[in-house]
Structures are given as structure tokens and as C-alpha cells.
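Think of it as A, B and C in the order they're written, each chain with its own count starting at 1.
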Amino acid sequence: MPYFIFLVIFVVLPLLLILIYALQDGAGHFTLKNIAKFFSDGDSLSTFALSIEVAIENTALCILIGYPAAWILANKDLNRSAVTVVLFILPMWINALMRTLATAELFTMAGIQLGKGTLLFGMCYDYLPFMIYPIYNVLNKMDKSYAEAAQDLGATPGEVFRKVTLPLSMPGIMSGVMMVFMPTVSTFAISEFLTNNKIKLFGTIIQENINNSMWNYGAALSLIMLIIIGITTFLQGGDSEEAVSGGAI
Amino acid sequence: MMKTSTKLLSRIYIWLILIILYAPIVFIAVFSFTEAKSLGNWTGFSMNLYKNLFTGSMQNSSALLSAVENTLLIALIASLLATMLGTVAAIGIYNMKGRAKNVMTFLNNIPMINPDIITGVSLFLLFVFLRISQGYTTVILAHITFCTPYVVLNVLPKLSQMNPNIYEAALDLGATPGQALRKVMIPALRPGMISGFILSFTMSLDDFAVTFFTRGTIGLDTLSTYIYADARKGGLTPELKPLMTILFLIILVVLLVINIRQSKNNDKK
Amino acid sequence: MAKDERIINIQHLSKSFGDKKVLDDINLYVRRGEFLTLLGPSGCGKTTLLRMIAGFMQPDEGSILLDGKDIAGVPPHERPLNTVFQRYALFPHLDVYDNIAFGLKLKKTPEDEIDKRVRKVLKLVAMSDYEDRDVETLSGGQQQRIAIARAIVNQPKVLLLDEPLAALDLKMRKDMQIELKEMHRKLGITFIYVTHDQEEALTLSDTIVVINEGKIQQIGTPTDIYNEPVNAFVADFIGESNILKGRMIKDRRVAFIKHQFDCVDEGFGEDVPVDVVVRPEDIYFTTDPAKCQFKATVNSCIFKGVHYEMWVDTDTGYELMIQDYDPYPVGSEVMLYIDPDDIQVMKKERRSNVLSGVVKDEETIRIFDADFPIPNDFEPGTDVVVDVPFDGVELLDNLDEGVLNGEVHFILYMGNHYHLYVKTEDSDYFYVDTNDIWDKGDLVGIKLLPETIKLSKKDEND
């Protein structure tokens, strides 16, 4: 079928090319040097570590702030208006770079030094809707009778949340994590803007290498990222499509 | 019933987040009414930036306007093609069974899981490998690549909601397979196709990384790459502020209208 | 019967999905203008047969003739047949009028003709004022009428109906049955109707085709099928019945429930095991000792609206169901008799499980890809016939204890025990007599009792 061919050409082949370029030197011979270079390069390694750290912190922050928000939005007693939900998604329609620049300016105006703190805050600001939306979707579709059944069986509101609502909303949290974690590791422009080029994330190094025609090393770095994606997807247990699809606007 | 204090607390929480979310946007909007070059510098109320934007009397007006034009055109073409491809693909996947279906679903998920930069770099390498010179076409192909899976995902649920017999009913009443697709399937799938299209369009509009890697060196700019280059040079084109404000208002109105109409429809049912 | 009376003629039709044979050598003809019903439990293959007639599926073997012509290669849109689908399949984006006009518009029928014909069928289905309505706002019964109208407006040679009333509630279903029958009469079109509801089939049909496990069990008029079921399956599936093990003593004399009865059946031979069916309304109470054939005690009595349904224990230890307009109190001793006409004697389909196996060693025989512990004197590798009586199969709650696992597929109550069909994962069957109560769909472990089994070397000529 045509779409299969399309996917092979535009998805599978390009990913294979990352692998091939990563394992070649400039002349096209097989080599492991590019991979070795990453593990012996202190700068790359520390950037990598920092990216993972920032991504974990950002993801955690997004869950902490986003989950209550999603819960409130999905709760019919607390929020009756679909418009409020739209208001949460709306900023995603504004150019992310422009929003980020404005955030950075706001920090500067308020006299806050651009650095890791502002990076985290700005990232969280950028990715929060991506966490709220899937969780909201799952909570909103969740059959209310589960919670009622738990109450009926003697669970307190706290227990209902811990033992029923939270476990049932895990798919939403997981797809939120997918939509926040990897993009955070890989952003390039946003981290530069938010820290005034003081902090580089992993995405920036990939971009610099590709832009400076160091394709093989850039591909090697991309390959490392792909492996991380593979691991996180595997840990997450497959597809997050349920929470993302349907009623996107 | 909820306690009033819980209600109040949750309302405050929601509004606090909304205020933070909208602060930068409001910030841009406010400073679109002053003439200063940099954000955050108020030099008195003025509509000059708006005037400049519409009369085109600014430094690199043609570059900015062509970036806007490119952004819209690329988004339109890419999301239209993605909608067509994605709809046909969804019908195909829906009718598959067992292994083939799993393989297709898996492949379809890859572009959605991949971060933009991986999609960008991998497609960049593809075009280098195939020796395709990069420009308009490659950017559109790249956008179709990351948009189509979302169309598939939006059309599939419509297929499973659809009465599985309506395609056969059309054949039964004398429609050829082509007529059945045109006259029955497409209309029944339309809501999914539309939301897939809108999602594609907005993702394409907002994309930076993929465009950045696949636009080549012919100086093709979309709004994102224009802003990026602008910011790297130091000093944004001031007219971006009114432009963003206007775009935001348009989107706000469109989304509110769609949603209010939708919730009215839901009430009716 | 004249050949051209057969509008549809199906010959040696077979169809498999993977390893599963869903239709097995179906031979059937449909007379012009008749109302024919394909009746069977879900999964019996009746819908598959209908879909092959409509052209949505191709048979693996055999042919379907329409007016004497093989329609194998004709795609559905070129077949002069129309279908009423199970859940209506109305086009949600079109209104009532456009749904009905869909087929005519495709045939480029002139506007005014379309208009005339749409109005006519709307009147026929009593939906005249609904032409502008959105189909999704209609009730189930109304959608049903539109679905029928959409099909018959094209004047098909044959109208195919796939469980059209299944989604309606009981009252609506009854009303629609009458209307369908009336429509069939008015239109004069041949109807092929698929249902799993035996009552619906009896009410509507000129001819009923009972299908089970992909095979035709019986073809006949509703009265034939009800009064003279050919096997235990048909007897059980159509109406209520007492199905009992019996023995043909000689022509016109049969023994069951340990009593002897006169009957009207001949030609079974002497002293031959048979199955006997007696409908519950055909067992009569009497106070005349001369008429009494056997005695029983009433153990339950339930009012069913028109009649009473009673279970009685016979003096010989069997349980029978009786329907009568008069109730008899629980615990009372009653005298009963059955008219010879009302005893339906059926050839036994099988008397035991005849399985083919391969000897693995002196302790084991391999049957259906499982190793059953059966002591034997044959050389390893010998092909043997394993004859297991119905009560030589043991069913176990604990699946792990069984050599093989299966699912209870079909249950017959035989008056003093149950007769079960147990289907293995590979669609092989064990037939089991048991006193234990199982439910349809129960998963069971299967064991064979070696002491009951008769082994013989497989005849080369078999």
C-alpha cells in the first residue's frame, strides 16, 4: 500500500541513514570513532547529562503543576466550560520561539538572571499544555462510575484518588511524559533564548554539528538520542496514541 | 458536592496558571503599541508598528512578509496533502489484520514519538543521501511526514465509529468502489479529516526544527526560522510584535467560535 | 417443479476462514417469490452465506446461480440484489430522501421518476412525512423502515435481509414481523432472510433452512421443521422439546423413558438406538387409567402467560417438560400419555466418539495432537480407531488436569442426563454424557477413561 512505501522512504530510511552516517567517517568507511568521540568528549557528556537532568526536572514539574490543572478541568463540578480547556491549549498556537523570546524578555525586565532557573521555568511554560492535554483527555473520558464504585465500597475521597483515579489516568501521564521529556532533551533554540546562550542542551550540539557539516558526528549524537527514545518508549509500554487522538481542538 | 473552599481554590489555581501562560503573549501585545526596538522598552503609545506592518514600510519588510507567506503556503499545502494521504492510509490500516496492522501502526507512531530534531536531522540526511536539492519541496515533504500520522490517528476512530456496513451498502445499491468512497466514506469521515487537517495545519505553522534542517541554503524562511535568525542577530524586527498580536487574535476568535458552536451542538444532542 | 422457478441455486458452496470451515458443501435453491429464512445460532455461517449471495465475499468452492447464470465474477454493485443490513447502515450524512434515492441516482434515473419512486416506497413503509429528516434523528424502527425502503426502491430480484430486526425491542420486533410479511406479499419479491430467532423464522417464512456448524441441518416449511425435526440439534433449536434417548423395537414401536410407546415411524430396523423428540405440549394429562401410559410427579409449575410450564419426574426417573392450559399442583401424582403421531423418532447421528489416533507407546495414544494415556498392545506408530462412549469422556473444572482443553459448545438435556458437545481449540469435537451441570461457554479439561475405550487397528481401506 502506498502509505507503507511513503513511511519506508520518509521514516524508516531516514532513521537508517542516521545509523549509517553515525557509523561512517567522512570518506564513507565504517568506523566507531563517532560514537567513541561522544564518550570521550567531556563537553558533550556533560551537556548530555545536563539535558537529561533538565528534562527529568521539567517533566516532573509539568506533572506536578499540570496534573491538578487537568484534574480540575476534567471535573464537572469545578469546571463546566469547554472554553477554559481551549484557553489552556491556545498558547500552543502561538509561535513557540516568539513566546520564548517574550518570556526571556520578561525575566530580564524583572531583573532575574537568565540561567538554569529561567530555563526550567521557560521550558515548563512551553511544555505544560502538552502535559495537561493528554491527562485531561484521559480523566475526561474516564467512567465516573469507577470512582463512585470505590466510594460505595468505602473509600475516602483521598483513597478514591490514590487507588482508582490516579492509576486509571496513568496512560495520560505517560503520553504527557512522552510529549515533554524527549522534546526537552532535544530543544535547541529555546534553551539558547532562555539562558542567553549560557546553557546548551543536547539538541544544540546536534544542530551545531549538522550545521557545521560534521554530519557523521551529528548523526552519532542523533543515534544516541534515538536509543534513549527507544528505551523510554519501551519502558512506557508502547503507544500513547489513545490520549492524543480525538477531539484535538 | 464539592466544598466551596475547594471550588475557590481550584478556580484560583486555574487562573494563576492561565495568567502565567498568557503573560508573555500579553506582554508582546502590550509592547506592540510602542515604537521601541526591543521588547520591554516603553517609549509611549504608538500605532506605528501596525502602520509599518500594513504599509510594508520597514527595513526588511519583504523578508518578513515572504516568511509569513511561506509559512501559510507550506502549512496549507502540507496539511492538505497529509489529510488526503492520511485518510486513505487510515482506511487501509483499518482494514488490515494481525501483523500487517501492527507493523503499520508501529511505523505510523514513529514520527509522532520522534522529537522534531530527529525528524529534521534524519530527513536532512535523506535529502543529502538522495541528492535532492533542498528548498520548498523538501520542507513540504518533511511537513507531510510529521503531519500525516496525526491525520491517521484522527480518522481511525471515525472509521471504528462508522457502521462497518455502509461501504458495502453503497456497493449493494450500485455504487462502484470509487463512488462508494467518494459519496459515502469521505462524508462519513469528514469530521476526523477536518480535525486532522487543523492539527496538521497548526503543527506545520508552529514547526521550527524540521523546517530548519530541510530548507536548504536557498534562503527559504518561514516565520519560525525568520524569528530564530532575527533573534540570533540580536534585536527582533519590531513589526513581529503587531504581527503576532494579530495572529493571536485571529486564532483566539476562530477557536472560540468553533468551540462554542461545538458545545452548542453537543447540548442539542 | 419447473427449473425456472429457482431464482437462486446454490451448489456445493464452501468457504473457510483460515483453518476454520464456515460453510461446508451447501446445496440449496430458492424459489421465485418465496420468503426463505436462513436460521441458525450465531457463528453458524448463515451471514457468510448471505454475504456471498450479495457478492461481498467470494466462495472458495461451488457456485451461486441467479436465474441460471453463475454470478461468481459479478461485483456487488452489478448484482440485481439489494441488502437490508443488520444495523441498517443508513448513510449518516444524507437525509431520508437522499438515502432512498442513492441507488436510483447512481443509475442516472430521471429526477421525476426518482421522486415518484421514493414517494411510493416511503408510503409503503409508512414513512411518508419523513423525507427531509436526518436519519440519525430517527428511532430504530424508523431507521429499519428506511433501510428497507432504500433497498426495495431499486426493485431488486431478490431482497437480502441480515437480521434486520435484531436491534429492535420485542414489541417493535413483533410489529415489524407483521409488516415485513405484508410487504413481501405486496411486492412479490423473493426474500432471503437471516436470523437466529427461531420464532421469527417460524412466523415469517415459507421455507426455513436450519444451519449449524456450516452445514445445512434441515430444509422445510415451518410446520415440517417444527413437527418433524431431523436431528436433536434442530429439535432443540426450534421450540421447546423433550429430547430423549430411545430404542426402536420394531416398526411403529419405540421405547424411551423405560416405557414402550406406539409411534408412526418405520424403517429404522429392529432394536436400533434412536433419539426421540416429544414436544412439551404433546404430553397429555389424563384421569383415565386405561389411557395412562406412565405416571409422574409434578416438581414445578410456572405460569407462562397463556399456558403453564410444568416439569414432572416420571416413575422411571426421567424429567420431562409439559405445557398445558391447566396447572397441576407441585407434588401431585399425574397420569400421562402421548399420541403416536406426536412422537418424532430420529436416527442417531452418532453412538460414540469415533476418533483416529496414532499409538505412541504402550501407554499412550496421540489423538488431536494430544497424548492420552491409553494402555494398548499395538506397535508404536500404528494408526488406530479409538471408540470412546459418550460417558467415557470426563470433563474437569481444572484445566491443567485435562489432557486437552475445550469449551462447552452445545448442551442437550436428555431427561436424566446432559449430552454435551465440547469443542477443542482446534475445532475438534468430543460428545459427552454427564450428570454434572455445565454452562455453554465453560472451559473444561478433557480426560478419557481408558477402561471404557474400544481400540481397533485402522482399516487400510478406510
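Everything that follows uses one rule, which is that a contact is a pair of C-beta atoms (placed from the backbone, for glycine too) under 8 Å apart; a residue touches a chain by one contact, two chains touch by 3 or more.
Keep in mind that this is a model prediction, so the values were computed, not measured.
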item	value
Chain C and chain B - chains in contact with each	none
Greatest separation from chain A - chain, by CA centre	C
Inter-centroid spacing, chain C versus chain A (mean Cα positions, whole Å)	57
Whole-Å gap between the CA centroids of chain A and chain B	17
Shared-contact residues (touching 2 or more other chains) in chain B	none
Partner chain A, residues of chain B touching it in the complex	1-2, 6-7, 10-11, 13-14, 17-18, 20-25, 27-28, 38-40, 85, 88-89, 92-93, 104-105, 107-119, 121-126, 128-129, 141-142, 144-145, 148, 150, 153-154, 156-157, 195-196, 198-199, 202, 205-206, 208-209, 212-213, 223-224, 227-228, 231, 236, 240, 244, 247-248, 251-252, 255-256, 258-260, 262-263
Partner chain B, residues of chain C touching it in the complex	54-56, 75-78, 81-83, 85-94, 102-103, 106-107, 150-151, 154
Complex interface listing, chain A residues touching chain B	1-4, 6-15, 17-18, 21, 65, 68-69, 72-73, 75, 77-79, 82-84, 86-88, 90-103, 105-106, 108-109, 125, 128-129, 178, 182-183, 185-189, 193, 203, 206-207, 210, 215, 218-219, 222, 225-226, 229, 233, 239-241, 244-249
Contact footprint of chain C on chain B as seen in their complex	163, 165-166, 168-177, 179-180, 183-184, 187-188, 190
